[in-house]
Every structure is written in C-alpha cells, then in structure tokens.
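If you scroll down you'll find the structure; I have some questions about it.
As written, the chains take the letters A, B, C and D, and residue 1 is the first residue of each chain.
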Amino acid sequence: MSLQDELYKETILDHYHCPRNHGVISGATLKQEGTNPLCGDELTLYIKLNNDTIEDIKIEAKGCSISMASSSMMTEAIIGQKIKNAQIIAHNFKDMMLNKGNDYVFNETNEDLNSLNGVKKYPVRIKCALLAWNTLLQSLEKDEAKAQGE
Amino acid sequence: MLDVKKIKRDFPILNHYIDGKPLVYLDNAATTQKPKVVIDAISNFYENYNANIHRGIHTLSQKATIAYEETRLNVQKFINAKSYQEIIFTRNTTESINLVAYSWARHNLKAGDEILLSQMEHHANLIPWYELAKEKQITLKYIPLTNDFRLDLSNIDNLLTPQTKLVSLTLMSNVLGTINDLTSIIQKAHALGALVLIDAAQAIAHMPIDVQKLNCDFLAFSFHKILGPTGVGVLWGRQKLLTDMPPFLTGGNMIASVYTDRATFNELPYKFEAGTPDIANVIASNEALNYLNAIGYADIMAHEKCLTAYALDILVKQENIILYGPNNTINRGSVISFNLNQIHPHDLGQVINDSGIAVRAGHHCCQPLMRQFNITGTIRASLYIYNDEADIDILAKTLQSAYKVMGHVVTR
Amino acid sequence: MLDVKKIKRDFPILNHYIDGKPLVYLDNAATTQKPKVVIDAISNFYENYNANIHRGIHTLSQKATIAYEETRLNVQKFINAKSYQEIIFTRNTTESINLVAYSWARHNLKAGDEILLSQMEHHANLIPWYELAKEKQITLKYIPLTNDFRLDLSNIDNLLTPQTKLVSLTLMSNVLGTINDLTSIIQKAHALGALVLIDAAQAIAHMPIDVQKLNCDFLAFSFHKILGPTGVGVLWGRQKLLTDMPPFLTGGNMIASVYTDRATFNELPYKFEAGTPDIANVIASNEALNYLNAIGYADIMAHEKCLTAYALDILVKQENIILYGPNNTINRGSVISFNLNQIHPHDLGQVINDSGIAVRAGHHCCQPLMRQFNITGTIRASLYIYNDEADIDILAKTLQSAYKVMGHVVTR
Amino acid sequence: MSLQDELYKETILDHYHCPRNHGVISGATLKQEGTNPLCGDELTLYIKLNNDTIEDIKIEAKGCSISMASSSMMTEAIIGQKIKNAQIIAHNFKDMMLNKGNDYVFNETNEDLNSLNGVKKYPVRIKCALLAWNTLLQSLEKDEAKAQGE
C-alpha cells in the first residue's frame, strides 16, 4: 500500500472536501481560536451548550486535508454529547495519535476517526490532526475554570 | 559548468535510497547536504585530536586549537574581512542576529529610534527586533515589495530618517529567491548614521560575499546552509563596533582576569565566544569552505542560473500553478516557491514527498510575507550544486498527479 | 567493576599514538573522549537522513525530527525530569546558565536582591551574575571553603537572607573534585523563597542525577563532558518557571504566530530553541547516554573511587607536591589538582605533556578560587572510565623528572 | 631532539632562574600592567625615560619559565635604546613568534632572543613569550599618544 493510499483514504478526502458543521454559531456559548504553531493554520471553534450538553458545534477553518478532515470528524463525534463524554472522546483520540503502539479503535459510531490512524506515521502532521481537538479541550477547560470561579 | 554527476558522488546521502527511491533533495534552502570530506573531518577530529581548546598546553589541545583557528582564518578570507578578530563563531544565523540585538542594539538604541526591515525577512531577522522594539519603544519600518517580488525602493528616502539607527535586511529571500541589491540602501543608511546588518543565511550559498565591498557593518550566516555541519554560525562585524560592544554570553574563555566581583574581558573575537564552542563542527566547517572554493562561485552561479531558468520554464506551464518570486533569473537565486490552486501546501508537500522528493511546505519562517500574499504557506523547491534537470522533471511529473491524489476536479 | 581494557577499545583515539607515544588522557574535566558509537551516529545522520527538523514534511526531515526528539526523551529519563517539555537544548552549560540569567533573573530580580554563589564556582557560574549584578545593583555573596576544600556551611543561615532570590552552585568542583551535598541548602533556600540553580557540568559525568530528588529549580550541563559531541548543552527547568519566563534567543522555530509587529511563542521547550539547532550532535548525544546507561553509574562510581584513592595515595608521596582538594574519597570525584613547589603549572604541564600525558595546567576557569589559594594555576589530572592505574603510574614517574628538566635544585 | 631539550634550553632556564632587571623603579616615567588572558599571569613594567631613550627598565612578575625568560631577555635587549629602536626590536620579536615560516634571526647583541624561537611550536605558549613585549608596546604607545595630546 503506498503512502498516498493510506493517508488520503476516501473517508479523509470526503470530510476534507465536504467538511461537516463548517461555519459560525452566532451567540455561541464558547468560542475558541487555535493555531498550529508548525504551519500557522488557524481555526475558530464555536460551541453552543445546553447545560452540560454540547448542543451545537461549528468550526471555521482553512487548513490542510488532515486538519480539515479531523475537525469535521470531531464535530460529528461530539455534537449532542455531554461535556464529560466529549472530553473522553478527545482524550481517546489524542491517545491514539500520540502513543506509539496504542491501537485504540473507535467503535461504529465514530469509526471515521480510525481513518486518521495513518497520520501517526507522519509526526509533523499529527499536529494537523490534533489542532481541532486541542482547541476543543482548551475551550472546555476554560469553561470549567470559569464555572468553578463563579 | 559543474560536473553534477561527479559532485553527487561526493555526497554519500545522494547515493542512497529513501523508502526505496533515490533521493531528490530540493530542500537546500532549509539545509544543504554534506560532502564526505566534511563528514570525515568530524570523525577525524574525534578519532585523532579531540580536546578542549585555547587553554590546554597538551598536544591534542594545541592541535585542536590550531585547527579551530584555521577555520576562522579561512572564513576571514572567504568573506574578505579585514581581520580574523572580526569573525565570531555562534550556533547559527539566528544567534548571530540576537548577539547584535542584545549587545549592540540594546545598548545603543533608545525610545523613538527606528529600525528598517523589509517585508521579505525571515523570523530570525524579525523577532529579535520585535522584542527590542517592545522593550525600548523603538519603531520598526518595512520596505514593501514590488509586484515582481523585489524590494520596492521608490519610497526609500522617506523610510530612512535621521531616527533610523539600524537597517537589517536579507541579501537573498529564502522564499522568493530574490537577490537584493543593497548598494544604494547601504550608502543612504550610512549617510544618515545608521548601521547595516546583512542576513546572508541564503545568499552565502549562492554568491561570493565581500564584506568590505558590500560595506555593511554586520553580516550573519550559518554553515549548515553551505555544506557544513549544523551548530556553526558566523557573525562578522567591524572591529571598531565589536570592540565597543559589551559581551553577550559570558563565562569561561571570554574573560581576561576574574576577581570576586568583576571581570575584564578577553580580546576579540574571544570576548564573544563563551564556554566550550562546537569545536568539531567549527573544524569541519573549514572543509565546507575548501570544497566550495575548489568549485568556485563562478561555476556555481552559472549552474544555478541555467537550472533555475529551466525550472521556472517548466513550472510556469503547470496547470493552476501560482509562482511566488521573480519570473526571470536576473538577480534571482535558485529558490522557487509556488502553490497549486486549491491544494494546501501541506497536502501537496506530502504528495511530492511520496515520490521521493524532498521539498519544504509551509511558511518558511516568513509568516508576515505569507500574510501579505494571503496564504498560509507555499511549496518551496530550492536547488543546489548537486541538482540537475532530471530532478526538476520528476518534480513536474509529480505535480501533475496531485489533483488526482487529493480528489480534486481540475479546473482550468 | 569496569573492564577498562574493553572500554578503551570503544574509544578510537585511545588506540592511537600521539607524537609516537600512546595517549594517556587525563583531561576529562575539560572534555571527555568519544566512543565510536557517538562518532558513528554523527556520520550516520549526515550520510542517511540529514535534514532540517520540525517543519519538514518530507521523510528525511521526519526521521531527523524523531531522532532529535528521541534524545530529548532520553535526557528526560536520564535526569528524571517530569516532562520532555522541561529539557532545553543549548550549546553548553555556559549558554544554559546565561539563559537563566537573561530570561529569568533579568525579569525577576531587582536592586537589593541577592544571589548566593560559592568560592569554588566556574567562570560560567560567575560572570553572568557579575554582569547582572552590575546592571541591576544586585549583591553577590559567596559560601566560603573549609580547610579541607569543602563548602563551609557554618554561616549559611546568615548568608541566606530574605533578599536571596537565587542560589547558584556547582554540584562538583572542576578543580578540587569536591562533591557538594546541597540538600540542606536547597531546603533552606526554598524556605526563603529563593530558587536554586545547579551547575552539573562536572557532576553529571560522575554520579546519577535526579532533578526531582535534588529538588532544584534549574540544572545545567554539557554533553561534551559525558562522552557526547561538542555543541550540545542542556538546561532543565521546572515547567512552571519555564512557562512564565520570556524567551531568550528569538527567531524561527520558537514562535507560534508572527504578525508584522508582534509574535506569539511556541510551546515548551521550543520557545527556547531559536533557529536551526545542532541537529547532528543532539542526535549523537543520545548514543552517549545509551553508552553511559549500559555501563551504569554504580560501576562508574566504584571504578572512580578506587582509582582516585590510588592516585591520591601515590601523588601525596611525591616530593614537594601541594594538593588542592579533599584528601579522601568521601564526597569527592576523580578530579585532582596539584602543584609542585616552585614550578609554574605551565612549565609542569609542558613537562608532563612531553611524556604523552594530557593534563590541564592553569586556572581551570576558576580564577577567584586560584586567588584564594594565592596561585595562578594548578595541574589538574581528571580521570574517567577509560583510565587505569597504569596512567597514574606514568604521571607519577614524570613528576619525578620535572625538577631536573626545569633546572631546579630539589629542596626538601 | 626531544621537546624538552628544545624548549628548556639553557639560555631560557638561565634567564628564568636569574631574571635580569627584575624589580621596581620608583619614580618611573612609565608604568604598565599586563595580563596573559590564557593563564592569568600578570606583570608590571617600569620604564625610566630620558628624552627618547629608555634609560632604565624593570619588570616585576611571577610567571612561567617562558614568560619570565622572555621578560628578562627583553629588558636586556632594550635597555639604553631609543624608543624607536625598542619598538623595532619588539616588532621583530613579534614577527618571529607569530609568522609561520619567518626565520628572523637576531644578531649577536640580542642572540639570546633566538632561543625563544622554539616556543613557536606551542601556540598556546606564544602568549607567554609575548606578554612582556605587548606590555612594552602598549606602554610606549600610550606615552606617544599622551605626548601628541599635549
């Protein structure tokens, strides 16, 4: 299997060309910007919370296929989830990407995410795949910190 | 002209296969490959006369000291400096520029002073000045670019003012390939009492440099971009300036006498070389100079001109290509940046890499320039003495497959 | 115990002859020799995957990046740091200490604050503080020495005051061989809110280092003193401190986003690594760690204890010898300084060198300590894993000829 | 010939053990301190001028054999000389020490100086041999500058 076949699987290209939940939420509960320090790609994440549920999520971004696809898959995976669950999914995803020898496999509901497993072989591009997820975690952490501060 | 086949044989890595494919190395603006003589000089040092330098009386230390200082003398000749005392070894261009920012600028500039840069500068020649500007309320000004990616000097007489204390410019852009003729700027800057620092990190690989002819005040470059090892940079400065500057890094070797509360400093250039330097790599750098001198810049320049013309000619014909840089070879080096419409440079870089070609994809440490073009990055193919037309042909062929791999419908 | 014969075979230089004589290398405190695995790692990098790191998508760059970061992870384990983000690569110990002086101290200390040093510090851990003290009206204080060449802590509760903001001490003297037990000083310093920097340039070669157990705040060392190449130093710092510190050298790689007038900085440790690092040497440094780990510090320490005891025993019997350093092997490493009465260390060094023995003669970058002893220098024999009793015997024999060569009448 | 034979010639050892013109001139016209940055050795040079003649010279120093011998030989070579001549001798000596392939030979009057030629092979120790001479040149330069300033 050539590198290209592996990396640019149909699933990834599909999300790249037709990113889900792309755009802006006006009146979002949370808004967070993220930057990939390696290439300068930037995205803005919007979340609408209903109590502890992520009722809506949208991402505005311009980026490479990996970063766009990962963002898109992320929105699908966490929309409608409780915050706690979203954090667990995010940590599972980061584990999959960052830990050598970790063969975490997402179940059917989130199986698209498994297509990003191939990015592990390209350490420089792991940052692309993680950008949206790190931005999400940062955003939720800030929200928690704020809630505790109140 | 260069005998590229023969040159290739001098570079072990070019005779190897990467992922089963022969390496096509077009990332020379990031770092060049190293000839065997340079690699061997490092092993030879460690296997035969490794020792710390300058203060050792024993034979190894003397041999190491002589070899280390031999490189300095050769650098002096290479850039035609007046004295070996003007040659300071640093880690890289970045440290050389920081040295000037910390030691000269921090002690000579004050609020209201101005530094003139350009829109094509590398982060190494930007961030040190941003930090200084913040600390000291100094104003940074920028020479803009023309539509054909050159310095726009039409407004230079307004950009340079009596407040201008430093003009810090690259001699060759690491993104656009543009070679800047700095003669008139340097004259005008000096007429106003400003100093001129030249970032020669790119230029040094592609053209002969004569600091006395350039008539600049500081000049910085890195050996890893001219066939030498990583870890060795050079700062050249006028002796009078260096003499008056306070030291930057302090510690062993840069002192004359140390008391319990004060120290007097060593003579130039040692005043600026604190602690144990990168001895092996400085010594091996000499072989890089010898190798370049043996080829000669006349032939290097002729070779690059032909190859760049060939590459521009082929690339400009690619579908949906956008080139960033002068479209001819006048005052232009062999660094070629481009994008394919609609494809992110990271993706294109990956596709190119999968054909065994090493190019760089990204902002090339020139984010302000990228913002100017309203892009996040480019693909950059940078050519050197061991590249030939076949390398360009492979690159062009790969580009033709990119839209298919990325699942785009090609639109004309 | 160490199999010294076997170890010697791993070091190409020890199997060569210098001026027709086999090399007896006793200048390890200045720099150690390098095993073949380290030398080969450098050639292997240049011959197989030389590329610039961190931003390249192509295969070579990825390989180089992985190998570079592998060394960082190994350093993290080696000194038991909590995170790889606390490991910063510099050129040497000197730069590591300067980084703390410029970035942390310059922004956190003010007039009237105090820094506590000791009388056995290397210039690298003195001059950066002299410069800071001058600039900021900071007071420098010194822990004195006892008659048996150890830190005299009898007055420590007066030396440490609420104004003390930094305690910066060597863990092992590069002149006396003394190993300092810093446990109680660190506790007391922290109780007063002061930070502690440890200069581990010497110690790291001779004892295992655990930054969490030491409970210091910064720690600095150089790879060239532990079998690694020149050009690579380490600064370890607590993550919280490093996070709050402004960058030191600025330029490429240490940034996140760059605008035309400001920049945001990269995450740790990259915030402190500006420009192209000494890639090959950082990668080769990993082999030095692997080599040391394979031997193990337990055996290294046992070997050095025996050898130091042997050397002290023989040297103390030499006519007219004056030893500077503890006369037993308790808390003492294998660095031995001495003079022969009436002979200048330069002359003695030369006589010793002429027998094919490399020792260091001079002030060893510790002029204040020399002034203390009212001498300009000493001869320093420093032993490491490839030295054995035969080396000491040759040294002793040479000493016996010194007065004859120098034309002195030996007086008892 | 072994290194020791070469470097520690009798002439050198003689000057080292019995340095000529060692000491202090009270009421000296010129006084100059010099330091060898490599080893920290220090010396103090005293000169008594009579118009443009070096009527007396003394050196107070503690140093290695090369530095002590070179200082001692220097005092012998320049005592009683016109300043101009002393400078020429100093430059000849520096040339001999610093220029590879320079086989400058001092004539009979100053033939002791030739014994220091062997130091050239030990670059680190050239500084030892030059310390007194550099201090002399510095001192005379300062004097000239002062004279011109008046």
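One rule holds in what follows: a contact is a pair of C-beta atoms (placed from the backbone, for glycine too) under 8 Å apart; a residue touches a chain by one contact, two chains touch by 3 or more.
This is a predicted model, so every value here is computed, not measured.
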Centroid comparison with chain B (C-alpha atoms), farthest chain: D
Interface with more contacting C-beta pairs, comparing B-D to A-B: A-B
Whole-Å separation of chain centres (CA-atom averages), chain A against chain C: 45
Interchain centroid distance [CA atoms averaged], chain A/chain D, Å: 75
Where chain A and chain B are represented by their mean Cα positions, the distance between them in whole Å: 37
Of all residues in chain C, the ones touching two or more other chains: 55-57, 61, 255, 257, 346, 350, 353, 361-362, 367
Overlap residues in chain A, where contacts from two or more other chains coincide: 38-40, 122, 125
Contact footprint of chain A on chain B as seen in their complex: 344-347, 350-351, 353-354, 361-363, 367, 370, 376-377, 405-408
Touching residues (chain side chain C, partner chain A) in the complex: 54-57, 61-62, 65-66, 255-257, 264, 266-267, 270
Contact footprint of chain B on chain D as seen in their complex: 35, 37-40, 42, 122-125
Residues of chain D that touch chain C when the two form their complex: 2-4, 7-8, 10, 13, 16-17, 38-41, 62-67, 122, 125, 128
Touching residues on chain C, where the partner in the complex is chain B: 12-13, 16, 18-19, 23, 25, 27, 30-31, 33-34, 38-39, 42-43, 46-52, 55-61, 91-95, 97-98, 102, 122-128, 130-131, 133-134, 140, 142, 222, 224, 229-231, 233, 246-247, 249-255, 257-263, 274-281, 346, 349-350, 352-353, 357-362, 365, 367-368, 371
